[in-house]
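Pasting a structure below so you can have a look.
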Amino acid sequence: MTDASQNAGPMLAADGTPLKQSLARSLRRQKLRALLLIAPLLLFVLFSFIIPIASMLFRSVENGIVEKTLPLTVVALETWDEKSGELPDEAVYDAFVRDMIVAVSEKKHTRLGSRLNYEEPGISSLFRKTGRKIRKWDPEADAPFKEKLIDAEKGWGDVENWRVIKTHSRNVTPGYFLAAVDLRLTPDGVAAQPEEKQILVKLFGRTLFMSLIITGSCILLAYPVSYLLATLPMRVSNLLMILVLLPFWTSLLVRTSAWKVMLQQQGVINETLVWLGLVADDARLVIINNQIGTIVAMTHILLPFMILPMYSVMQTIPQSYTRAAKSMGATNWTTFWRIYFPQSIPGIGAGSILVFILAIGYYITPEIVGGTKGVFISNRIAYHISSSLNWGLAAALGTILLAVVMLLYWCYDKIVGIDNVKLG
Amino acid sequence: MKVTKSTLLASAVAAIAGGAMAEEMTIVSWGGAYSKSQLKAYHEPYTELTGVTILNDDSSPEGVAKLRAMNEAGNVTWDVVDLEAADNIRACDEGLIIEIDPDVHLAPAPDGTPASEDFGDQLVSPCYIPTIVYSTTFGYRTDMVPEGVEPPTGACDVFDLEKYPGKRALNKRPIANMEWALLCDGVAYEDVYDTLETEEGVERALAKLDTIKDQTIWWSAAAEPVQLLADGEIFMGSTYNGRLFSMIVEQNQPVGMAWDWQMFDLDGWAIPAGLSPEREARALDYIRFSSDTQRLADQAKYISYGPARKSSAPLVDKHADLGIDMAPHMPTDPRNAKNTFVNNYEWWADYRDDLDAQFQAWLSQ
Amino acid sequence: MSNDAAFVEFQRVQKSYDGEVLVVKDLNLSLPKGEFLTMLGPSGSGKTTCLMMLAGFETATHGEIMLDGRPINNIPPHKRGIGMVFQNYALFPHMTVAENLSFPLEVRKMGKDQREEKVKRALDMVQMGAFGSRRPAQLSGGQQQRIALARALVFEPELVLMDEPLGALDKQLREHMQFEITRLAHELGITTVYVTHDQTEALTMSDRVAVFDDGRIQQLAPPDLLYEEPENSFVAQFIGENNTLEGVVKSIDGDSCVVTLDDGSEIDAKPVNVHNAGERTKVSIRPERVEFNKDRLHADAHTLKATVKEFIYMGDVFRFRLSVAGNDDFIIKTRNAPDAVKLHPGQEVEIGWLAQDCRALDA
């Protein structure tokens, strides 16, 4: 077959159909079967992982509640110049009262109040009180409303409240993300959160910093253990491995509480030190309810996640490398540092990624032993999920955490190369 | 959360079968001794009376969050939820629980006083059926009081490091702590919330707390200060009075109570929105039963929390097991209630998030 | 050779790992400078242990190992200055070829220029000059082998140890490398201790071969002697193809003896380690020394009746399997010459041999 005829058309199978098509047909059955085999996992991942993450991303910017609850008001406010410093005109008040009467009958006004309260403290009770008073008003008979409403609740005579409603009336809001990095969306644009309320950036920083320290101390502690595990005879190393895995069989809460007993001022460590005379009775060490407590407990809890990948990588490093290096005249240290260590890096990398990513999202342990300075951003996320119900902010914080992890993962890939990561 | 598989299954089946499974309901509470007191005082008599089986779920600490999640998913599996007042206001604002008309849905007092009057000020939210009055107050180690010094009597002693050296434990949130700080810094009782609404007021409260900050362990679960007191880790700490009662009376720990300026708080029932009419009717029936004058008085036999009805107070009896008189251990007892502080729920509903951000930022400094 | 000239010497060396079994039993071995010595033996015979003791990775349980007249038992491996090539090459995967070669020079604190020059020379020596910047994983097995060899030689050690270095290569490459290694070893005048279980390799490469079995050296000899004059039946069996017949010595007459095989027939043999009539013996005869053309045998030579079982055509040689004196695996080889006789299965022939080709060994 000449080049020309090859270029002229696709390769044909014996029956005249294009070869690609006939190949695809013969493979279709196989693909279908493969798809069926992974379908349960695929569905599971979809429902338990992808959909929740997508819904978190959505929730972090979603803000339909204002327009849904106050549809007329949002339209009416469009023509109002919020920078004028003057109250909106009667049209806005009229629209607002009509919206509110509907909202009160559907009991939606308080929900909107709690939403706007994130932006302007005090607005929640304004909506609640207004709702109680407006209930019996008639949109036709009782008009006009401007003075009446201000009479009923003087908050509606405050330009600031109207500016808040207008600023946050869009369906999609950057507000939660801004709040997550200690900024806020004001009617005058993006501004910094007042200094005394700036906490989240600091918490992010602390979470990253402490996770790094925890990862670092895990590396230091795990390396010699993994080396032993990888080089000792099978019988001994199996026993050691059981000791390493033992903590896995104990509940996380129990392990963390055990650290409490160990570290507190009347705890085992302090008692021992005082008994040995190393520490004065009235100068007991403060090693819990602060960053030290979190670092110690989390290092212990996450250690197996460092040891296992390190061990499985070290196990694959043949003895002949170190022997070869020594035969060439390298001392024990040179052999370790130039030959063994570089080859164990994939294990360190895999363990570090694992430990760091686990650490950055840890919640229970910092909550119990972290006091006030040893808590992580996830504790704040938990607070917004279960106590303040500010799920939008929680979602934004979670999204940022996810982005940070992915960014670090990407950096790692650029610097070390992700194919250098081995779990065994 | 201690929901057994069968509980989950049962509630799932109940949700599917709806009215057909009218013999079961899921009641959510806080667990521990508190749930036990409810079981004895409310659940058991109710089951005896009606044959309805009651399933317990200890999810109240995440109650509002779970109510919201169930509400969004359109699948409410709870019938009655025990919430503290502040959470109740939130859930009510969010439309997650239904409004109750006390005079329609709740039993009047035995003398015929309507429920709204019998509960009085305790009805802090239109969705609320309060059952107990409890207080956040201070316990201290009697064996750690310095020699020749009077034992502490109240909240303000926590700020006096000179007289009472040693570690303290306080709740890791602004509620109660901010009020105590201002009160003990000389702000008049009636001005506390007005002061707290200003920036200077918040600063003043935090400045007062600053004086004991490095001596304070901040707790997030009420069991923590109890454990810290038991271990001798702290000299004094705030927690719920019922927990201190069981430490002192049931476990005989060397702990005393410092009642002055105890912070009154409420706990009680709520009914989730979105129940089928049958389930809602049954939940209302249960609530009518479990909030009547006798039932509220009965609960005090098992735990030292005061009944939320005025008419229950005279009926408070002796401890069910120990046989001691419960009245002196009640936060509402005149000897304990010389100076009390009533939480302003409305105010906190507005300013909680804002102050919490400031409080947490202050804590992390 | 005298002890003074010995460059490497094992003196009564024993080795045990578990304190119960001796892996190496009473090893005595000395080799002069420049010799290419191969340790040959089945796996578990102790040859690799000996190599590792020489390299310093294992310590002798008893006895002394001397290098250039000095005892080295207490010298750590990195101070012994011995080059080593490993079975799996042990090229450092995280370094380029040039870095691999440069490593032994670096640890000797050699200057950069000198290092580069030596690395280049070593690479050229193994015809790998163009591969300096590659990673080991990018090389074929043969190329990795050359690099491993170059790396063991680059710091100019006087002694090089090789632990089955060609085991992973295919046949053609292996033969080529055998030649390369011996050429280099002789050109550079290095003393080489080479461990293998492949007898062809041992025979083609070595000056002398030490055949190991059961923790002992069974025979230490140049390849030709080893093949032609095995001293015991293990060596005879292990080296090359071999036919064995069992029987009893009937009579010994100086350099020849008569052996009565178990089926009653008699053969001529050379007594090697049998000394008295009546001893049991295994006689060993190489397939190419068996003759079935009666004209080429002594007139009074004993012959045996044999039945051809199989004919195998192997190109350069013909190979026949015969049934002889109850042994069904008796092999004969003849060269594929123009006048070669082809035997056919079923054919009956008479076979015989020269007495000196048939060695009566230990039973």
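The letters A, B and C name the chains in turn, as written, and every chain counts its residues from 1.
Just so it is clear, contacts are C-beta pairs under 8 Å (C-beta built on N, C-alpha and C of every residue); 3 or more make two chains touch, one makes a residue touch a chain.
All values derive from a computational prediction rather than experimental measurement.
> Pick one for the touching-chains graph, please: line, ring, star, complete, other.
If you draw each chain as a dot and join those that touch, you get an open line.
> Using each chain's Cα centroid, which is most distant from the centroid of chain A?
So the farthest one, by centre of C-alpha atoms, is C.
> Provide the C-alpha centroid distance between chain A and chain C, rounded to the nearest whole angstrom.
The answer is 66 Å.
> Report the inter-chain centroid distance for chain A and chain B in whole angstrom, where each centroid is the mean of the CA atoms.
31
> Which integer distance in Å separates the CA centroid of chain B from that of chain C?
Chain centres of chain B and chain C, defined by C-alpha means, are spaced 89 Å apart.
> Quick one: which residues in chain A touch 2 or more of the other chains?
none
> Multi-chain contacts only, two chains or more: what residues does chain B have there?
Nothing qualifies.
> Once bound in the complex, which stretches of chain B touch chain A?
61-62, 64-65, 68, 90, 92-95, 99, 167, 172, 202-203, 217-218, 220, 231-233, 346-347, 349-354, 356-358, 360-364
> Provide the residue numbers of chain C that touch chain A in the complex, in ascending order.
Within the complex, chain C contacts chain A at residues 55-57, 76-84, 86-88, 90, 92-94, 103-104, 107-108, 151-152, 155, 161.
> In the complex of these two chains, what residues of chain A are touching chain C?
Within the complex, chain A contacts chain C at residues 318, 320-321, 323-332, 334-335, 338-339, 342-343.
> Note which residues of chain A are touching chain B in the complex, please.
Touching chain B from chain A are residues 107-108, 110-111, 113-114, 117-118, 121-125, 128, 193, 196-199, 202-203, 206, 264-266, 289, 367, 371-373, 375, 380, 383, 385-391.
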